[in-house]
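My structure is below; once you've seen it, I'll send some questions.
Chain naming follows the written order as A, B and C, and within any one chain the residues start at number 1.
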Amino acid sequence: MSYFGDIYRGIKTLLTGMSVTGKYFLHSRKGAITQQYPDNRDTLKMFDRFRGEVVMPHNENNEHRCTGCQKCELACPNGSIEIIWDRQIDPESGKKKKMIDQHIYHLGMCTMCGLCIEACPTDAILWAQNFENSVYNRAYLTKVLNKPGSKLMPGVEE
Amino acid sequence: MDTTTIKSNFKSEEYFINMGPQHPATHGVLRLLLTIDGEIIKKVEPDLGYIHRSIEKMCERDSYQQIVHLTDRMDYLSSHINNEAVCLTVENALQLEIPERVKVIRTILGELTRLASHQLWWGVMGMDVGALTTYFYGFRDRELINDIFEETCGARLTMNYNIPGGLMFDIHPNFVQRTKDFITHFKTKLPEYDRLLTGNVIFQKRMKGVGILSKEDAISFGASGPVGRGSGYSCDVRKHHPYSAYNQVTFNEVLKTEGDSLARYQVRIEEMWESMAIIEQLIDNIPEGEYKVATNAVIKLPKGEFYQKVETARGELGVYINSTGTKNPYRLKFRSPGFSNLSLLNHIAVGGKIGDLVASMATLDLVIPDIDR
Amino acid sequence: MNISLSITKNIHNWLFSIMPEGVASITEMVLIAVVYLAIFAVAGLYLVLLERRVAAWFQLRIGPNRVGYQGLLQTMADALKLVSKELTGTIKADKFLYNLAPYFVIVTSLMALALFPFTQEFQAFDINIGIFFLIAISSIGVIGILLGGWASNNKFAMIGAMRSGVQTISYELSVGLSLITMVLISGSLQLSEIVEVQKNGWLIVQGHVPAVIAFMIYMIAGTAETNRAPFDLVEAESELGAGFHTEYSGMKFAYFFLAEFINMFIIAAIATTIFFGGWLSPFGITESIPILGLFWFLGKTLVLIFLMMWFRWTFPRLRVDQLLTLEWKYLLPLNLLNIVLMALIVWLNLTIQF
C-alpha cells in the first residue's frame, strides 16, 4: 500500500506548500514589501552612514576644512581624488602656505570604500546620503568639491 | 576551449549546446559547454573568464588597506567575510593584538553575512527548480539584514567595514536591537522555508539522489563549505581553525553523509539555524573597548609568506600573501571556494538530465565573480 | 442546419429576412467569429493581468498598478508594444513553418471556445460530440509548438518542443479518461446536455468519490496540457531560457503567450461545465434570471483559474522523466480504476441526486 501512501503524503506536502503561499495571498494588502520608489521620495530616508558620494561641507563664510594634505588622494585605491594645490601667500600671516586650488572628485570612478574619509585628518570631506547620482553625461560625474572662492577655515591647521 | 577536440570526440547521436554566458540558471556570466545525448548530459565543461578583473594583480599595486575593498567584489554575497580574511592575514603578519570587541563584532557580522547569503541562495535555488515565489520570500528576509549592514557599515553589499587593525568605525547604537529583532523575525520565517519548499514532494524528487558526490571525491576535488559537508567531509574552518570569536561560541558543524543535492540543501538550511544560535550567544555580550588598534598609516608587512583561511558562506577562502617587506604585497593569491566547487560540476552532472544539472548547480551556490576574480 | 446558432434570435431572424439562407448563415458565422475573437483577445489580455496581480499578491508584491486605474490598461499597453516590435528570427530557420506555428497555436485555442455554453442561450456551436471535439481540438495546439520549436533552428527551442510533444501526448490521455469518467454519469457528450443533467445536482456531487478523483486528475493533467508550472518544462526558463519560443519576438511571441492564457481559460471552462454545473447557480437560486448564468459560469471558471495560478506560484517544476512517471505510473492506473468505480456507481445507482 506504499503506492497509495506515497500519493497521500505527496498531496499533503503540496497542500502544505499551498497553505504558505495562500496565507501570504490573504495578507497581501499589508504584507507587500514593494517600495514605490519615485513616489516615496519624500519619506525615503537613507541611514546616516550611507555612502552616497563624497562632499566637502562649507560653512556660511564659504570656508572649508581642507588643508590640501593629499592624504585622501593617497588613500584612494582608484585615483578618484585629485587635488590641485599651490603655494600662495597667506594674507593673514604673510607666509607662503600650501592651499588647494581644486579638490577634484571623480564620482564615476569611486567605489565607495570610505578610505579617503578615514584618512582625512581634518574631517574636511564627508559622506552625503544622496543616492540619485545618475547623469546624462559622464563628464558631470567629475566634481570639484571646494566651492569657487572658498578658503580654509581658520583654526583647522592647529 | 579547442573546437577541434569537440569535433573529433563527437558521436553522431550527441549534440552540443552552449549554456551561457547569458543563461538564467548560471547566475552570472558562466559559460557551460554541454555535450548532450537527448536530455542526458554527457559532458560539462565550464568556460571561465568572462568577469575576470585581475583582482590578484591589482592587489600587488595596492596598499594593504586598499586590498580589503577589492575583496568585496569577489564573492559579493559574503563580502564581510572576505574583508575579514584579508584583515586577519595582515594582522597575523603584523602580530597585532586585536581587541575582543572587534572579534565579537566581526563574528556577528560574519554570521549575518552568511545568513543573508543563504537566504539569497534559498531564493534562487527555488527559482532554479521552478518555484518562483521562494525568490521573493528569501529576499524579504535578506532585506532586513541588509538594513542592519547599511545602518552600521554604510553599504548593503560592498561593506568594506573591516580594516587591518579592527573596524572602520564603531557599530551603530541601533545595531544590537535590530539584530535581535531580525533573529526573532527570522525564527518564525525559517520553518516556513521548510514548509514551502523542503517538504514539497516535487522538490524532494528533484533533489534526492541527484548529483551525488562521495566523500572521497569531495576531498580530492577540494570541495569545501556546505558542498563538502553535504558529503560528510568535515571541513568547517570555524570549527577546525577558529578565528575571531568562534572559539568562544558553541555551535554544531552540520554534516550530512548522503552527498546528494538534498543533503547540500539541508546543510545550508540547518546552517542558518546554527548561525542564528551563534549570533544569539554573542549579541548580548559584546565586550566594551576599542573598535580598532592603531596601525601605521603605511602598513609594511615583514618579509615572508602569510596564509589565513576563513569560512565564507560558500566554503573555505584562503588568502596567501607573499611579502618582501614593502608596502605592497609581492604576490597575493586567493583560494576561492567557488572555483574548487565548480570543478566538480562535471563529476556530479554527467548522466543526469538538463534539469538535474540546473538543480545540482544551484546547490553548489556558485558566485561567478568569486570564481573568476 | 443541425448546427444551432442560438446567441441572439433577433439578429438571426433579421439576417435571414434580408438575405438568402446560405449567405445569411455565412454572414452570421463570420459575425459570431469576429465577436468571439474580439471578446477573447481582450479576455486573454485581462487574464495575463490577473495572473500578474495574483502572482504579485502571492509574492508580497503589488504588481502592475501604473497604467490606468490599478494597472487595468497594463496588458493593453504591453500588447501595443508587442505589435510595434520588430519580428526577428534566425537566418537558417524554416521560414514557412516558423511563421505558421503561432497561428496554429492561437487558432486552435480560439476554436475550442465556440463550444462552451456560457449561459443557456449563449453558445455558438452546440455539437453533439462536444467533449470529443474539445479533446481533439486541444491536442492540435501541440503541433504549433512542435513546429515552432523545430523550425526556429535553435537547440534550446527544439528540446522544449520535444518535451512539449512528450508531455501533451501523455497528458491528453488523462484529460480524456477523466472526462470519460464523467461522461459515464452524464450519459452524453453534448455540453448543453451535460449541463441539463446537472440540474439534479452538479456532477461532482452526483458522482461523489470518483468524481472528486476525476476532478483532481483532470486539474493536474489540464495544468500539464497548458504547459504551466509545475509542468512548464516546455519553456522552463531556468533550464532552456525560454523554450520553444526562444526565437520568437513581437506579435508572434504574443500569440504563443495569449494562447497559453486562453488554453488555461478553456481547461477551467471545461472543468466548470463538466464538474461544476456550467452556468447553473448553486441550489438554483438565480434560476429566474437566465443572464446571471454568465456570471456563475465566469465566476466558477475564474475560481478554477485562480487554483491553477496558485499551483504555478507555489510548486517547483518536475523533471521530464518524473513528468512521465506521474502520468503513466500514477494518473493513468488511477484513472482506469476510477472509471471502473464510476461505472459501478452508475450501475448500482449510487449517485447522489437532488
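One rule holds in what follows: a residue touches a chain if its C-beta (ideal position, glycine included) is under 8 Å from a C-beta of that chain, and two chains touch if they have at least 3 such contacts.
Quick caveat: nothing in here was measured; it's all calculated off a predicted structure.
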Chain at maximum distance from subunit C, centres defined as averaged CA atoms: A
Chain closest to the assembly centre - both centres taken as Cα means: B
Between subunit C and subunit A, distance of the C-alpha-averaged centres to the nearest whole Å: 52
Inter-chain centre distance, subunit B versus subunit C - centres from mean C-alpha coordinates, in Å: 45
Separation of mean Cα positions, subunit B and subunit A [Å, integer]: 26
Per-residue overlap in subunit B, given as positions that touch at least 2 other chains: 133, 136, 140, 196-197, 200, 202
Where subunit C touches two or more other chains at once, by residue number: 58-61, 313-315
Residues of subunit A engaged with two or more neighbouring chains: 14, 17, 20-21, 33
Residue ranges of subunit A in contact with subunit C within the complex: 7, 14, 17-18, 20-22, 24-25, 28, 31-34, 36
Residues of subunit C defined as touching subunit A within the complex: 54, 56-62, 310-311, 313-315, 330, 334
Footprint of subunit B on subunit A - complex, ascending: 9-10, 13-14, 16-17, 19-21, 33, 46-51, 71, 75, 77, 111-115, 118-119, 127
Touching residues (chain side subunit B, partner subunit C) in the complex: 15, 17, 23-25, 39, 126-133, 135-137, 140, 196-197, 200, 202-203, 205-206, 353-356, 358
Touching residues on subunit B, where the partner in the complex is subunit A: 62, 65-66, 68-70, 72, 133, 136, 140, 143, 147, 150-155, 158, 160, 163, 168-169, 172, 192, 195-197, 199-202, 204, 297
